[in-house]
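Quick one: structure below, then a few questions.
Chain lettering (A, B, C and D) follows the sequence in which the chains are written, and residue indices restart at 1 in each chain.
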Amino acid sequence: MIKVLFFARIREQLGCDGLEIGFRENMANLAALQASLIAAHEPRWEQVLNAPNVIRAVNQQLADLDHPLSDGDEVAFFPPVTGG
Amino acid sequence: MIKVLFFARIREQLGCDGLEIGFRENMANLAALQASLIAAHEPRWEQVLNAPNVIRAVNQQLADLDHPLSDGDEVAFFPPVTGG
Amino acid sequence: MVRRVLSIQQQDFDVARLQQELVAEEPEMGAVVSFTGYVRGRSGDREVSSMELEHYPGMTERSIEGIIDQAAARWPLLGVTVVHRVGVLTPGSRIVYVGVGSSHRGSAFAAAEYIMDFLKTGAPFWKKETGPTGACWVEARNSDETAARRWRD
Amino acid sequence: MVRRVLSIQQQDFDVARLQQELVAEEPEMGAVVSFTGYVRGRSGDREVSSMELEHYPGMTERSIEGIIDQAAARWPLLGVTVVHRVGVLTPGSRIVYVGVGSSHRGSAFAAAEYIMDFLKTGAPFWKKETGPTGACWVEARNSDETAARRWRD
């Protein structure tokens, strides 16, 4: 199982806080997981998740698309941060 | 009349908070005033007022020894500042 | 390890109490620099009537712990306090407090600014502003990225 | 002209109240940086049991006004508060408060540090520390002169 979370503008654009998907062999890295998410949803997901300024984290650490995934990981997608 | 003030370590070394001396033609600048003060007191005044890190002010603005003086000015001698 | 207080909370905070806790019982404490961020009533030329702050629970705390660790490795600090509010806030409200205590002022100033710069660019918080014409997510500012980058040179 | 509060006083001050007054009713206020200096219980390797602060009444206020003017000419500030205590203070006591308010944090940090650097080197205050072996005037530190000089480059 992979826990997927969406925050802020991305959460609203997808209309989704998060979801859980079963871990499969073809989810070897973040790019593969993202491709499965896009394949399973409306075309809007592709525009939102592929946008150039999307930030991704695996287990609460920033991660690039080639970051490897394991069963049980927590993955998050969010826009550039604006706190403080 | 010139009002002369001493602060902190210099005040204690001279044993004097301040004094007033009548303005005279030969007090054309700060160096001349300092020379009169030294001439009028014990040798200790020369050591204290001529020390390399003495700071001087005329009318509450920092001043060099060649700063001109006028009747009614306020002159101060003090060590490097250590507040804050 | 530097003494630290970290809180993500909805409720307001009291700067005097936070500073008192930072200083308490530390005889070497000579300098405290604090930063307090406030909700402004205008954002560029848009009027702001309220702001909502969202965060990523868990990752936010880890990010800030990491920023404090980095600051404590660079400067001799005696204490660090970071409090960041989330939820709905109105103009004039406090948003964030960063307090840094040290023996001398140079390290307190530098570390407080360092922590703020990385909090702005590295901790997962997002602001949405509501004004007369609706609500908008705040866009990240290039100047914040530039501010954080100068510490790496 | 930047809104300012300046006080040289014997009594203690309340950082929360000073900050509240700095921020009050200013819708553009986004960032407040404050510095608080404390009496340390040690000075180098000497123990300090109390400290006496002397100043030059009149010139002190003028010097600080001038430092605030310089800071306000360099950065877009909304408010500046400087409070400096004089008289006898014990370890742990607050000595000085500098608070700077601005729309953005960069100018608030820079101006607060600038004001402190020049206060340390340009305002006529002197500290005398009392310890177990007697009382000594504090010597000016070269690092303070260096801190002030960097703003001139």
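One rule holds for everything that comes next: a residue touches a chain if its C-beta (ideal position, glycine included) is under 8 Å from a C-beta of that chain, and two chains touch if they have at least 3 such contacts.
The structure displayed is predicted, hence computed values, not measured ones.
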item	value
Labels of chains that are neighbours to chain A and to chain D	C
Intersection of the contact lists for chain B and chain C	D
Most remote chain, CA-based centroid, reference being chain D	A
Separation of mean Cα positions, chain D and chain B [Å, integer]	27
Computed distance of Cα centres, chain B from chain A, in Å	74
Gap in Å, rounded to a whole number, between the CA centres of chain D and chain C	23
Of all residues in chain B, the ones touching two or more other chains	none
Residues within chain C bordering two or more other chains	37, 116
Pairwise touch network: line, ring, star, complete, or other	line
Which chain pairs touch, all of them	A-C, B-D, C-D
Residues on chain C engaged by chain D in the complex (per definition of touch)	14-17, 19, 23, 27-38, 40-42, 91-92, 103, 105-106, 108-109, 112-113, 116, 143, 147
In the complex, chain A residues that touch chain C	5, 7-9, 53, 57, 60-61, 76, 78-84
Residues on chain D engaged by chain B in the complex (per definition of touch)	37, 53-56, 58-59, 62, 84, 95-96, 116, 119-128, 137-141
